[in-house]
Amino acid sequence: MDTRPPGRTCVALAGRAVDPRVGEAMRTLAQHLLGKGYTVRVVADEALALEGAGVHAVPEPDLALDAGLIVAIGGDGTMLHAARMAAMADVPVLGINRGRLGFLADVGPEQMLQSLDDALGGRCQAERRMLLAAQVLADGRPIEALALNDVVVAKRETGRMVDVRTWVNGDYVNTHVGDGFIIATPTGSTAYALSCGGPIVHPSLDAVVLVPVCPHTLSDRPIVVPAGSVVEIELADRFESRAQVVCDGIVLCDLDPGVRLRIERAKVSATLLHPPGHDYYRILRSKLHWGRGTRDGQPPGA
Amino acid sequence: MDTRPPGRTCVALAGRAVDPRVGEAMRTLAQHLLGKGYTVRVVADEALALEGAGVHAVPEPDLALDAGLIVAIGGDGTMLHAARMAAMADVPVLGINRGRLGFLADVGPEQMLQSLDDALGGRCQAERRMLLAAQVLADGRPIEALALNDVVVAKRETGRMVDVRTWVNGDYVNTHVGDGFIIATPTGSTAYALSCGGPIVHPSLDAVVLVPVCPHTLSDRPIVVPAGSVVEIELADRFESRAQVVCDGIVLCDLDPGVRLRIERAKVSATLLHPPGHDYYRILRSKLHWGRGTRDGQPPGA
Amino acid sequence: MDTRPPGRTCVALAGRAVDPRVGEAMRTLAQHLLGKGYTVRVVADEALALEGAGVHAVPEPDLALDAGLIVAIGGDGTMLHAARMAAMADVPVLGINRGRLGFLADVGPEQMLQSLDDALGGRCQAERRMLLAAQVLADGRPIEALALNDVVVAKRETGRMVDVRTWVNGDYVNTHVGDGFIIATPTGSTAYALSCGGPIVHPSLDAVVLVPVCPHTLSDRPIVVPAGSVVEIELADRFESRAQVVCDGIVLCDLDPGVRLRIERAKVSATLLHPPGHDYYRILRSKLHWGRGTRDGQPPGA
Amino acid sequence: MDTRPPGRTCVALAGRAVDPRVGEAMRTLAQHLLGKGYTVRVVADEALALEGAGVHAVPEPDLALDAGLIVAIGGDGTMLHAARMAAMADVPVLGINRGRLGFLADVGPEQMLQSLDDALGGRCQAERRMLLAAQVLADGRPIEALALNDVVVAKRETGRMVDVRTWVNGDYVNTHVGDGFIIATPTGSTAYALSCGGPIVHPSLDAVVLVPVCPHTLSDRPIVVPAGSVVEIELADRFESRAQVVCDGIVLCDLDPGVRLRIERAKVSATLLHPPGHDYYRILRSKLHWGRGTRDGQPPGA
């Protein structure tokens, strides 16, 4: 796939510039881009920390608009936020970490200029990642959000459990009693869902995972369903039970008993750019410390 | 062990009498006890719902005081509350469920009068269960609580993680990143801790279980340590991370970063009375649906 | 989908007729079918136990050939065997259990005649299930087998571990140290793979699950990949380590270190017939005892 | 505790001397010991590889006899074997790894001479570790073995399940259907049992863990019981089901259906010597890769 920005000469930088390491990386990237004749755009709030770097400050909703590329620098929060913006504007995103390999930010600081050139030159691997669209009807008015990782129904009161009723394509699945419930994309399968016992889902598989959080019933296990499924969720009315809907770690709204949360594949998807030679399983092995023994005591040859 | 109340002629009833099923059971128990010459005591709040039953209304702190027996009727909340009161007053407790076998309330409604007579006649099996004492020093002032099941450090903000640092007997154990952390007694090992991947700990074992909740690190597994251990916990200072200390499902206080939570075996313990023939493993098998196949597809003889 | 056998008037019965309950069901089914003008076919070995029932004895390879329907009666072994034969002959299969609901055999003995009529009348729901094809090259000669549930590489020496190297579509995944490795279809996801920590995969999802068995590395978690993937496996050369390849519970061959096992989607697939009103999640709830509480001790309203 | 060998001037070395790294370490240790006036003893089989090192070759059963110390060099198999011999002879054991920290061999090659001097000088921390004694009555003749890690009942036929019936102190616990069953000491809790979902049990806790291997029933969870418990196990008679009893990874015997396996705390225990400053939790953190993030995707401040 040719991922070259089609004649677009504007690159957007996303990151928390007040973090000195991030700010410095943004300055370096900006200088490199300006030297090549690109214009560089950052969100107004971050522009202050980049004074003198020659970047354009824009309101956040305009950051990705008509840009040829978004470069996101930082941790997962930054990446998730940038990827959702990029998906809505249909702009590819390149993720740069701050020294530790990330599932989404797989370019290290030392390769960032090379990878930027690869991205601008169309030499990166482009990968489509699905997003979820969550919708709650509150007082007849829809509240909506996108998620690249996951939509979570989380209990709000510590010490209490919630009863989460689920339907897939209109078929009742179960009433999950516990701490909450996760609907994760393949991207999100290596995030919170993994800590809750969910499987790793390869990004090329068109699927979502339903993962109960600390379920009361021990046989209440993760279920993987086609990505085209409509998942619906309601909180059962239980004494003092309250829950929230959380998309990519950001609270969307409370979920009152009897109100329906509807989750389906978003119409938009994100395009991640990976440096040439990208290998998903290598990242898995690195992030999960595979290939180094972790337990002891068996006689592997004495 | 002779579990006969030594010359004490007062029996305390604990339960939410406003629940019709519980109220009716309390009336039946009261009538039975009064007929045998016992006095019957209930908490003032519940006495209203038992008008005309001939019971004495007392303030809650006095309920167990000098009683020969506490009979608790209801679900786990009632049982836990009654058992903590019973432990403090050193009075045995008999647990009556509302039709579904419980780990703590193992007497069914149909056997309750027989079991009550067994308890009064010293024919029940008495079992000691340890409690935990949790203490937080806030502004130099200690906040304390007892727990029969567990002390939980739970994240307060949905969508965030907490970093929980743990020490056992002064030795640093780990920084557990995730949804929280559980310190459970053997009694609590079949409660919330079990849903979080903890083992079942036999009540006769003098131990506590440390269970991380949805840990970020997949090898962060439950640890069982001697009951005499002092467990200390601090929240690390992480952006927007907040947590609460929850004892037996009841919020004790917020846990601010840097404040030390100290958990050790309580000086008091609870005495549970079980009907003759009590069998812990039978309750396990029943509650966990053991002995009924749950998966399919292997050729067990075709 | 019209699942009526297109003008085929022969029905095959599969089951271990020597089992009295199975034999009796086969006689009842045969009588019903003969009365409606169908011819009935069984494998020669089973025909002895059905003497006088008016059935045709055929060699096993011919059982499904040109039949309009296979009716399988019995447990999972019978179902798996019948489904593989049915897949190869492209004949639909109806599964009848012996009194306990199965994932594959979802017709109870009391509904079997009604469901048989539904199957013959085209009123059943037909569902396609993928199979896996496993191939080992031993001395240049391929050894092959089909599996509806799973292909398992299992250690052969108790007390030893095996090192299983895996590739997906040519990309190296990991060296899994432990008791073995499972490649399961969605059908097999509720069989052995589930006991090893794998997720439930909905049958409509085109995927396979890779599940390490008792992995040494605690972060070595199940991975779900597209069904079109080619999975390759080799045993690493470790002291005294030996393994076998097992398809649907039947040993295919030894797997020597350095020999490549190749697993991919089979060219054929099985057509399962379900009675009208079939509901996958209802079967899940029933088989996994969902909807009945399993742990205790949290205060659900006292 | 004074762990100085009381006037014993003989030190035993255990290890597979044919492994060049191990052989070289054994030579270095022998030279060091001889220089200090100790006599040095090795098993006859290993002595060949140590020719000229000035060591005494003895039959294996005599290795530990009246020695002041056993130094074990190598992996877990060597350590387990040496620790069982040391326990029977009541001689302390010092474990030296080959470069990678082990739970039992916590002295690295570079500290081995210093630690040896610490051991001889009584400056090591001595720790008692319980062993299990397994006994099977076959044809009235007892077959017995000791285990420092675990006694495992393992299925013998790949592709089959075994039904393992368990009793603790005479009380029936459950029939565990699956791949097998583990009875582990605290020492063994970080070995095979950990891979099967068992908890970490602190070595100072007097307990054993019962862990089902890949159980068919998803709620069939590990149970921790007092170390003084008598655990009994029988194989149920299931079609083609066969099992073996394996102690510390070494096959003891077949377990036929109906034959009783009895496991209890051994009369002897092992004394492990740790270098000053030994910290169990530090070893846990190192072996289990704690303290390094393993998943991604949540917004930790981003």
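Order as written gives the chain letters A, B, C and D; numbering starts at 1 within each chain.
The criterion applied here is as follows: contacts are C-beta pairs under 8 Å (C-beta built on N, C-alpha and C of every residue); 3 or more make two chains touch, one makes a residue touch a chain.
Please read all numbers here as calculations on a predicted model, not as lab measurements.
A-B versus B-C: which has more C-beta pairs touching?
Output for the comparison: B-C.
Farthest chain from subunit A, going by mean C-alpha coordinates, please.
D
How many Å are there between the centre of subunit B and the centre of subunit C, using C-alpha atoms for each centre?
The computed centroid separation for subunit B versus subunit C comes out at 44 Å.
Could you tell me the distance, in whole angstrom, between the mean C-alpha positions of subunit B and subunit D?
36
Approximately how many whole Å separate the CA-defined centres of subunit A and subunit B?
Comparing mean C-alpha positions, subunit B is 39 Å from subunit A.
What are the residues of subunit B that contact at least two other chains?
Touching at least two other chains: 159-160, 192, 194-195, 216, 218-219, 221, 249-250, 288-289, 292-295, 298-301.
Name, in rising order, each residue of subunit B that touches subunit D in their complex.
159-161, 168, 171-175, 177, 194, 197-202, 204-205, 207, 209, 216-226, 238-240, 279-281, 284-285, 288-295, 298-301
Using the touch rule from the top, collect the residues of subunit D that touch subunit C in their complex.
Checking each residue of subunit D against subunit C gives 152, 154-156, 158-160, 178-179, 192, 194-196, 213-216, 218-219, 244, 246, 249-251, 288, 294.
Could you list, by residue number, the parts of subunit D that touch subunit A in their complex?
16, 74-78, 80-81, 100, 102-104, 149-150, 187-188, 190-192, 194-195, 218-219, 221, 248-250, 287-289, 292-302
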